[in-house]
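Chain lettering (A, B, C, D and E) follows the sequence in which the chains are written, and residue indices restart at 1 in each chain.
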Amino acid sequence: MQKLFKKGIKKQAGLPPGTLIFTGEEKVEKIKINILDYKKEQYEEKVIENIEDCYPYKDTDTVTWININGLHDIGLIEKIGECFKIHPLVLEDILNVDQRPKIEDHDDYIFVVLKMLKYDRNTNELNIEHMCLILTNNCVISLQESEVDVFSAVRQRIKMSRGRIRVLGTDYLVYALIDSIVDGYYTILEVYGEKLQDLEKNLVENPTPNTLQLIHNIKRDMAFIRRSVWPLREVINALIRGESKLIHEKIEIYLKDIYDHTIQVIDTIETLRDIISGMIDLFMSSISNKMNEVMKVLTIIATIFIPLGFLAGLYGMNFKNMPELNWYLGYPMLLLGMLIVALFMLGYFRKKKWL
Amino acid sequence: MQKLFKKGIKKQAGLPPGTLIFTGEEKVEKIKINILDYKKEQYEEKVIENIEDCYPYKDTDTVTWININGLHDIGLIEKIGECFKIHPLVLEDILNVDQRPKIEDHDDYIFVVLKMLKYDRNTNELNIEHMCLILTNNCVISLQESEVDVFSAVRQRIKMSRGRIRVLGTDYLVYALIDSIVDGYYTILEVYGEKLQDLEKNLVENPTPNTLQLIHNIKRDMAFIRRSVWPLREVINALIRGESKLIHEKIEIYLKDIYDHTIQVIDTIETLRDIISGMIDLFMSSISNKMNEVMKVLTIIATIFIPLGFLAGLYGMNFKNMPELNWYLGYPMLLLGMLIVALFMLGYFRKKKWL
Amino acid sequence: MQKLFKKGIKKQAGLPPGTLIFTGEEKVEKIKINILDYKKEQYEEKVIENIEDCYPYKDTDTVTWININGLHDIGLIEKIGECFKIHPLVLEDILNVDQRPKIEDHDDYIFVVLKMLKYDRNTNELNIEHMCLILTNNCVISLQESEVDVFSAVRQRIKMSRGRIRVLGTDYLVYALIDSIVDGYYTILEVYGEKLQDLEKNLVENPTPNTLQLIHNIKRDMAFIRRSVWPLREVINALIRGESKLIHEKIEIYLKDIYDHTIQVIDTIETLRDIISGMIDLFMSSISNKMNEVMKVLTIIATIFIPLGFLAGLYGMNFKNMPELNWYLGYPMLLLGMLIVALFMLGYFRKKKWL
Amino acid sequence: MQKLFKKGIKKQAGLPPGTLIFTGEEKVEKIKINILDYKKEQYEEKVIENIEDCYPYKDTDTVTWININGLHDIGLIEKIGECFKIHPLVLEDILNVDQRPKIEDHDDYIFVVLKMLKYDRNTNELNIEHMCLILTNNCVISLQESEVDVFSAVRQRIKMSRGRIRVLGTDYLVYALIDSIVDGYYTILEVYGEKLQDLEKNLVENPTPNTLQLIHNIKRDMAFIRRSVWPLREVINALIRGESKLIHEKIEIYLKDIYDHTIQVIDTIETLRDIISGMIDLFMSSISNKMNEVMKVLTIIATIFIPLGFLAGLYGMNFKNMPELNWYLGYPMLLLGMLIVALFMLGYFRKKKWL
Amino acid sequence: MQKLFKKGIKKQAGLPPGTLIFTGEEKVEKIKINILDYKKEQYEEKVIENIEDCYPYKDTDTVTWININGLHDIGLIEKIGECFKIHPLVLEDILNVDQRPKIEDHDDYIFVVLKMLKYDRNTNELNIEHMCLILTNNCVISLQESEVDVFSAVRQRIKMSRGRIRVLGTDYLVYALIDSIVDGYYTILEVYGEKLQDLEKNLVENPTPNTLQLIHNIKRDMAFIRRSVWPLREVINALIRGESKLIHEKIEIYLKDIYDHTIQVIDTIETLRDIISGMIDLFMSSISNKMNEVMKVLTIIATIFIPLGFLAGLYGMNFKNMPELNWYLGYPMLLLGMLIVALFMLGYFRKKKWL
């Protein structure tokens, strides 16, 4: 079962706001900080050890993308907060892996919370990862829980100077990052689409209680995905409508494109939910149907043989005076009678369409 | 099962926006480009080989309708994009056959995505086809996946100069094209209406698991149709409200007419869904009912013959001292007793209304 | 089954807008045109043969009500269109009997589409009839499919000069016509209310599959009624809010009254739907319950007699060495044992509350 | 069954608006008119015979509350209408006991329709009573169907000059009257809450078809209560927002208080509906469960004794050559074998957790 | 069952507004009043006996937090009302423990009603406690029913001067109090999350009627929690949007944070409801499935042994002329025949996948 809350939530209750507590599990051994600094003609990539090493990039005229894998080091988050003058409540949200997607416009920077979805085909588990983006005038800081590199395509595009990414600013970079996360949603939904298709065959051919269990697992995962994606719509809408000076007008068309994709993802989730509820109905009726079939077999056998058995029992009685027993043709006549009864029963069942 | 996504969606994830990738299947062998150029007194129709042949029509004072069947040639789409100065993200949407219906007003042109529905009566499959319209000042470009000519009636009207189509501009042509697509929705819904009517008879007379399967297939198709039609409402509404200079005021009344039709289609979809859910309930209860009937037969037979069988067994015992066995009328008296028991049982069942 | 679409819808697809095609069935043999012309002191009623005969009334200072029964004569509709300068799309809507309720304000006239409901107690069928009203400055044209005269009360009021109808203008006449249609909805809902009450008794006393079928028929009819009434709310609201010079301010209070009635009709439809869904639940559970009862009888009989039958079978065996068979009291002792077993079973069932 | 419409609705259809027809049942023999006239230092209460006796109070500077029990005298209503210059449509609404709650602001007076709920513990029937309030500058007229005095507490407060009621005007009196009606809703809901609690115990201990019937009755009553209370929200909201000069600003806080109570009543209705739907589910599953238990008993008995019976039957056969029959220990060995089979079966059932 | 209303509600009906009546149970023996007075450099905490002792703090320049545990002393509430000039309707709401969450801005003070949730793990009961906050310029009064100290963390923060609480005013204190209540909601939901997880295992392994009962209890508790939390959203939103001079602009970001948390709590409630409804479906189907299994066992046993029993019965008949009985190999041949019949049956069941 996908947990509703990660561990550690209790620790948080009652503390003053802005108290930094990491609510997730440590998913990486060592926090990895990666810097990518570029402008049209210039490109630099490096892995740094200490967060202090990124301070110099803060006020250059280049676009700097600081990517941090691993959120459990509160000290590090505090240092970023100090350096970039981030509000303590924002830092708290970065560390709270249960925070739902949202956007906050703090004049000097925009803070975005997203959820990254991964599906582990080995354990058949959905993995929802907390992802934060901070957009300042010339820096983008992306923070994520684990080491998985979802942004390699974006990094590659910057390196290769593919498309317009090197020409445009931090807002376009943020767009590119969100875009690649939303693209990931499609992949996830496709996985579930395939799983449903596989299950559907099973449903018709051989429904087992396990089938229902699997459908319900998908249904629940879908509820969690929905919870992660629905608020994203509002987030991107706020980015489009927002009058932040950090988002330039020419980025709007790109944001609308992600908005479109988000709507389509939501649409697909709803369609999948519809399909799932239809499958549950089908399953239920196919179980009923199987029961019906079992009952029919029982009824046919019992209904034919119980009366015949009675007749046999009748002539197994030990009454002294049972004239039929002494008839020469008694036995074959009884057998004939039994055959007639059986055929009559079979005829009745055929008429009822039970055969 | 109607696929949730067409193949190729995975390729797209992570690529820079505006990268042109065709996500559908190749439905035509050779892309067909058809040009129809007209004004009040003039009419010209021709099939061209190279897209370059349509460039001259771009800035004439006639209305030019360029119809393209087949979307898999990315080069061709790129050329159109260059010639008509279409934004790369629009070109991407043209090629993405999973794009949901939408409208985009780019000052110089309006871009509309629609879904065309076809029902294949041989395979009993619903077919959803991607359809794009680009409306410029004096050109309309329509792009569709396959070769099916849905617009023949419109073409005929232009040729014959029927109605006001030759007098009015590109906006009216776009209206006429959307109108003929929406008209197609009615036909599709009528097909499903008829299928439901056929199934309904089955439901009452002879419900089989297959019946439910068929109802569920219709239900799922309905979900996909809904997904294609719902956003259309917003699209047409945006066309009506929109303040684009490309849509003239006198077209508004026609657009309102399509809007009306779209509402009616949506309305009908909802009514069909209502009917379907009622039919599923009926099916379920008719299955229960059949089971009930099976149980009754079993119960009647078993309840009558099990006690009689017991009596017969009683007098089949080999006790030395069983005086009844030696009575002269023992056997007929027992038979009489059995008859009374059976009649009593039958009376009880009649009282219970099981017979 | 109430048809989703009337016949003829296919013919329409792809035709130019404003092409006049009648989509319904011919419900009257001969179209009947009836004129009623009145002002405060003057009253004239006549049946005319040719639509041309009503032209003179077009610009008089009296209120003229032209009532047309039968829509299948396209020529007639065209003539009205020419005479009163009605837009071709409006004429198309008049002929399209599937058009949902709507209102259109074309400066010089207001066009209203309504649905008239009739319930045929002989065939137990709901009948939805297309009804159009055109309101000009001094004329009201009402068009309906069949000959049924729903407006006789209004006609009587004009004739008798009852109420304020002779004093007020065309807007009040339109109000009176809509009002009498909405009043008809109450009558229909009352019919369904009564049918449900009848069915409810059946549900408790003697549920048959037919009962469910009847409930489902009502449910479906309710879906069709809902579809006819819901949009009416918007229609009347638009009349109230509308700033047409054809609707005078003092009529507003009357329109609000119909609005109120419409809301109440919708309210009642929703309540009936609620009641219906409750009845389906009750039916289902009463079926389950009956099955349960059947099963109990079977179980009681089988559970008592199968063990007894076994005992009887035991002493019917032919082993040489079965000392009990030779006991003098073997038989009565066995009978006593059987009685004890049977009583024990009955006690168990009583404890389980199966008896 | 709570009637959907009171009798008499048919008579109304087609009549001119403002025609006064009483649609309810006569609930009182004689209409009772009660006048209460007060200002800060003055108090007068009397029962009058003729409505004309209240005319003098119309324009005094005191607050006059005219309470009328019984609506079936159309003449009386007409006289009130003339005296207070009430619009005929308002008079029609007073007489139409099916009118849903609404508010109408006619400059000189405000007209409010409410529903009073009563629960008759003897017949277990919900009673919905029509209640109208007319608020003029210095008069409040309250009209209700039956004789039940719901306003005795308010009357007492005026008499005793408790609270601020004698100081404030007609608007406060109207508030006090509505408040006492809304307070009555709580009492009704409490009754249903208790009934549900009683039923719930039954549900777990001893579900009978009657239990479901009772739950469904409550569900239906709840639908009718909902229908009476929901529109009230809008009514009170309109009073608060309304800019009528008849409602003074200092009354607003009191109206907000009733609004709050109305919301809470609606809230409670929704919670009760939730609880009811949960109880229906529980009932259904408890029926299934009982069936399951019945089936288990049958299966256990049949599965144990049918094979044993077969064995007994086997050795009851009359073959000449059946060596076992002649063994000295044949019989006890068979008994032992049967015991082993029975124990094996019991073990199997225990493993399956059927025992 | 969580009561819908606390006792005492009936007493209230019909009384004049502002009449003070305590509608809850007395949850504390002695009302406890606690004062906490602080500014940046100063801190004082004391328990007072008489409410009059807090009057001096009313107009100091320090922040004074008066915490009252126990609401049943009407005199005390009246004194507070007089001292702080609270409107009688507000006092009524303080005493009405069924009041739903709301906010009222009375220029000089803001009145907030909240619900505090507690889960008693011993009785497995949800406890909803009434909580009121009054915010004046320099005082915060918190009133709660019982003695449970939910605010100890806040008190500690003030004492230790942790965070910014000593620097900011009453608005921040109110924020801190609401925040700690909302934090409590997470804890409650986590408890229910865990209970569901425990139940889920049961559902798959060993569904009993009790399991369903437990799920339904959670479902009902969830309905009550929802009712307590939903309105909170509006409350906090009103605080944020509100233009009260009592809420300073710099508090807004903190209020937005609680708003966020509230949304997340609501979100989680909805997800839990989804999961619960899925579990009920699973339970139902697992019951069906068990029945199916029971039926299969019965059918297999009966279907194999009934025909065999019939054969045995056949040769137990006492006809004189039954040649098979005299055959030397009659008995073993019959046994062989029975074996074949049994194997055939088993094969059939295997084919049907019942084994």
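The definition used in the following text is that a contact is a pair of C-beta atoms (placed from the backbone, for glycine too) under 8 Å apart; a residue touches a chain by one contact, two chains touch by 3 or more.
Small disclaimer: the values here were computed from a predicted structure and weren't measured.
Can you tell me the least number of steps between subunit B and subunit E, where a step is a move to a chain it touches?
Graph distance in the chain contact network comes out at 2.
Going by the contact rule set out at the top, which chains touch both subunit A and subunit D?
E
Could you say what rotation angle superposes subunit C on its sequence twin subunit D, using C-alpha positions and rounding to the nearest 5°?
Here the rotation carrying subunit C onto subunit D measures out at 70 degrees.
Would you kindly state whether over half or under half of the residue numbers at the subunit A/subunit B interface are used by both copies, giving same or different?
Since fewer than half of the residue numbers are used by both chains, the interface counts as different.
I'd like to verify one number: the distance from the centre of subunit A to the centre of subunit C, where each centre is the average of its C-alpha atoms, in whole angstrom.
42
Could you work out how far the Cα centre of subunit D sits from that of subunit E, in whole Å?
Subunit D and subunit E have C-alpha centres separated by 26 Å.
At which residue positions does subunit D touch at least two other chains?
284, 288, 291, 295, 298, 302, 306, 309, 313, 316-318, 322
Work through the pairs of chains, note which ones touch, and then classify the graph as line, ring, star, complete or other.
Chain contacts: single closed ring, each chain with exactly two partners.
Which of the residues in subunit E end up touching subunit A in this complex?
152-154, 157, 162-165, 176, 179-180, 183-184, 186-187, 189-190, 193, 197, 200, 204, 253-254, 256-257, 260, 263-264, 267-268, 271-272, 274-275, 278, 281-282, 284-286, 288-289, 291-292, 295-296, 298-299, 302-303, 306-307, 309-310, 313-314, 316-322, 352-354
Any idea which subunit E residues touch subunit D in the complex?
Residues 1, 3-5, 9-10, 12-19, 87, 89, 98-100, 102, 104, 206, 209, 212-213, 216, 219-220, 223-224, 227, 280, 283-284, 287-288, 290-291, 293-295, 297-298, 301-302, 305-306, 308-309, 312-313, 315-318, 322, 324-331, 334 of subunit E touch subunit D in their complex.
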